[in-house]
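Two complexes follow with subunit A in common, the first pairing it with subunit B and the second with subunit C.
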Partner chain A sequence: MNRPAKKRPELVCPAGTPAALRTAVEAGADAVYCGFQNATNARNFPGLNFTPDEMAGAIAHAHAAGTRVLLAVNTFPPAGKFGLWQEAVDLGAELGVDAFILADIGVADYAARVHPGIRRHLSVQAAASSPEAIRYFVEEFGIRRVVLPRILTVGEIRALADEIPCEIETFIFGNHGLMIEGRCSLTNYVTGLSTNMDGVCSPAAEVRYDTGVDGCVSTRLGPHIIDRFAPGEQAGYPTICKGRYFAPARGEAYYAFEEPVSLNLAPLLPELIAAGVDAFKIEGRQRSRAYVRAVVAAFRKAIDATLAGGRPELAELVALTEGQRQTEGAARTKRWR
Partner chain B sequence: MPVRSPAARVGAVPGFVRLIPLPLFLLQPLLDRVVRRLAADLPEVFDRLGRHRTSRFVIDAREMPFVLVLRPDPDRPLFAACPRHREPEHEARVEGRFLDLLGLVDGDRDGDALFFSRDLQITGDTEAVVCLRNALDDVDGSIAERVAAMLGPPGRLALSVLRRAGTGPR
Partner chain C sequence: MALALTLGPIPYHWSAEEKRDFYARIADEAPVEVVYVGEVICSKRSPFFDRELPEVIERLERAGKKVVLASLAEVILKRERAMTAALIESPDHEIEINNNAGLFHARGRQHRIGPLINVYNEHTLRFLAARGATHFTLPAELPREAVAVLAAAARDIGVGIEVQVFGRASLALSARCYHARAYGRSKDNCQFVCEEHPDGMPLKTLAGADFLVINGIQTLSAGYVSLVDRIDELRAIGVGHCRLMPQRIDMVGVAAVFAQRIGGAIGPDEAAARLLALDLPAPLANGFWHGVAGERRVAAVP
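Moving on to the complex of A and B:
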């Protein structure tokens, strides 16, 4: 795919509430992604997301400022419940969203057939990372943009860009929980609830924090303790993949899968833009307006500075990161741990 | 590169906050007024709380001589100050420094970041706390400012002093 050099990439920002959406718009988002208050999107947190009325108001606000609204309908419908996903797509179309973010091929097919005039983006949840897989989605469902899994190096992204007939969106900041994007079942195994549809990786109703007399805090998910933080030690999200576990071959508890750390690819913005990335996504629909304001504004400046020839670092955002640590993850090397 | 956490930016709590051990019965009418006014002005907050509208939250600002108890039920709102030794039964408890908690209701601090840095402690029903956080965060502007406005010029002055102590001039 021939790409013009140094085009201005889109900054795609999270909004878990109408107030967060307005904050993102004000802070310089080119596009905002959000979802309805149900299992059709992968951030189904209690108290989060949009009612239909709120979505209508949010779209009007965003469009008035020239900001696009991308509707996340990016979970996988269980058998017999497809109607909820159809309703979300139909409602999004009626309200005037600019694109659907989709993962399931049934939902993608429905959106393509019933609402062909609305852009379709392939969610990271679909975990499409090869040219063959992405081309299949483009040819079958008219996908216009793929959100790439966070397992690719910049070199691999560059190679992909030359081989696929659609735009590329990559995560630039936020949660760094890779596993098999969209297909992780660790939470289902421990709690019986869906990782994707019942409140991300840790349904809040299943999470408990217990402080011991020694000041250590134990994090429990369902019946299992998944981490224990000493007084003053930085904490992470209560997810199984970021927990510490004992194993016979280890002398002490260790991070078996991932560590509590957030992605920050600000230092690689020049390389990613040169590789052909069309849009940069900030993770964090579950985060506050304060997070949205700080991160969106910082990346707005960083992208503009990069296009002007600069090389931003954005180290100050580490205060907002999980475990107060950040990583360039697989973008720099597959051996990020 | 060493980076200061949000907590590290927090200054000292102004003296008048520590002087609040005025008799709680004098404070209570003020708290009643605040919660009833917020319930009337911000009905959408209560929608986001769902079933946790009837949950009881203890809010513990460590520097204060008492804890606050909140039941965000629009029909029977409760916002009360209780002596520490008589903390009532509750579903969830949120503990942190006064200025951090103010930053949260001011829309100026990120709850997850405060949790990561261990400046915010949560016990009890985590879902209730997540709901409350999300509901409060969907209020445009600042709840602290709304409360200060209810109290007139003294309230605005107090908030201004607190903000300067917490994060510097806005």
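Moving on to the complex of A and C:
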């Protein structure tokens, strides 16, 4: 796809609640993404997401400010329950969302047939990591934008941009899952709730923090210890792919999948824009308004500075990353793999 | 309806010789009708066995097995894209697709859908069937109720449904090789350390509990899925094929137990007991089937 140089990429921001949505709009989001209060989206957490009335109000508010609203319907309906996903798509269309973010082939087909006039984005949950996979979804369901899995290097993204007939959105900041999204059943193995079908990863109801007599804090998901922290150490939220385990080749427990770090690709902004990325996504629908305000504002500044030919300021973003540690994940080099 | 046994692709990195011997025994002794072959997990491993593959296929076919070629689960690199495209051109064998990139090439031709493609509902099933899919092995985490709806939809349009009934469940895929990581290496420089763990590399929790198993970019359950005491349910809801996933154990013995249960020679309790008598290195689990934590083993309702 031929791309004009230095086009202005869209900043796509999380809106877990109506208040967070207003905050993101104020802080300079070009678009916000959100979901309904049920299993139809991948952040199905208590206290998050929108009722139909709230969604209507949020869309009116965002549109008045010139901000687009992207509706995540990005989980996989189990057979027999497809109706709930159909309703989410229909309701989104009725309320006037600007695009659906979709992952399931059945849901994408439904949205394309019934609401052909509404843009369709391919969720990261669809795990489309090659030109062929992306072109499949573009040709079959009229996908206009793909959200890329967080596993590609900048070089790979650049090569991909030349081979696919749709826009590219990449994650740039926030929580950094290690497994390919849409292809992980770890939570279900331990809790009986499925990330793909129920929209939950490490559900809070199954999480426990146990303080031992030595003052160490063990974090658990369901029956299993995921990690342990010394007294005074900040105990991370127990997510299976960020836990510490024993393996035969290791004398001590180690982070078998990844250290508990947070994704921050701000230093790569200029390269990513040059590679042809059309939209940058900030993770964090579960985050506070203060966090959303700070991150969105910082990225607004960073993107604008980059487009003006400067280098982005990064210090304030580093302070917001989990445990103050950050990573460029897979984006910088293949050695990450 | 008749239930047929199948053998899924070997997920682990076994040497070419081990694989050849394994398939020779399967050909001679295992009561399975279909054998899925080919490297699904890591494109770097493929060259080791590619040379042997034609002979192994011939051996299996001479023994009356139907052979299906399985595609790679993760497709990022040029060589992985080329491998996926080339597989679809296989003139003599059915193929099983395990990555969305394969769907692109397979459209309009007859193909099978593997368990690493997200087919969770009847709408997805019908869409893929309309594009040429004839047979679906469902994701390991699907509960019985969803499988029943899918099996009914499959029957209506004349496509097959297969469910994994034995072996470790695939739980997650990554771009990163966790085998290499455990040894302080990267995927490009892995020196094939995964060969050291022919039944996967065990991960124990800090409490010492067997938890997960690493196989390159794949994370599997520590427990072996077993639906040997649920065969009547599978049959009743219209599942046509039962998949055994290869483990480094007596798979011929495992296949024999399942065949006896399917044929009615033994009941569910005896089948479960005989399976355990094979001295399995891992506990049995059936939680996914019952819609509870996958690692759990739910007792059969008498």
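The rule we apply is simple: the second predicted complex is superposed on the first by the 326 of 337 C-alpha atoms of A that agree within 3 Å, B and C clash if a C-alpha of one lies under 4 Å from a C-alpha of the other, contacts with A are read in each partner's own complex, and residues count from 1 in each chain.
Quick note on the criterion: a contact is a pair of C-beta atoms (placed from the backbone, for glycine too) under 8 Å apart; a residue touches a chain by one contact, two chains touch by 3 or more.
Model, not experiment: these values are computed from the prediction.
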item: First, second, both or neither for A:Thr17, with subunit B first and subunit C second; value: first
item: Partner contacting more residues of subunit A (subunit B vs subunit C); value: C
item: Which superposed partner A:Asp198 touches (first subunit B, second subunit C, both, neither); value: neither
item: Partner chain in contact with A:Asp30 - subunit B first, subunit C second, else both or neither; value: neither
item: Subunit B versus subunit C as contact partner of A:Arg183, first or second or both or neither; value: second
item: Touched partner set for A:Glu167, first subunit B, second subunit C, both or neither; value: neither
item: Subunit B versus subunit C as contact partner of A:Arg289, first or second or both or neither; value: first
item: Contact residues common to both interfaces of subunit A (with subunit B and with subunit C); value: none
item: For the subunit A and subunit C complex, residues of the former touching the latter; value: 76-82, 103-107, 109-110, 126-133, 135-137, 149, 151-152, 156, 178-180, 182-186, 188-192, 194, 196-197, 218, 222-228, 240-241, 243-250, 253-254, 256-258, 330, 334-337
item: Residue ranges of subunit C touching subunit A (in the complex, touch as defined); value: 74-76, 80-81, 84-85, 99-105, 107, 116, 118-128, 139-143, 145-150, 153, 169-178, 181-183, 186-188, 193, 197, 201-209, 211-212, 214, 219, 221, 287-288, 291-296
item: Sites on subunit A touched by subunit B in the complex; value: 16-20, 22, 45-48, 51, 203-205, 207-211, 217, 229, 231-238, 260, 286-291, 294, 315-316, 318-324
item: Footprint of subunit A on subunit B - complex, ascending; value: 1, 3-6, 47-50, 52, 103-104, 107-113, 115-118, 121-127, 129-135, 137-140
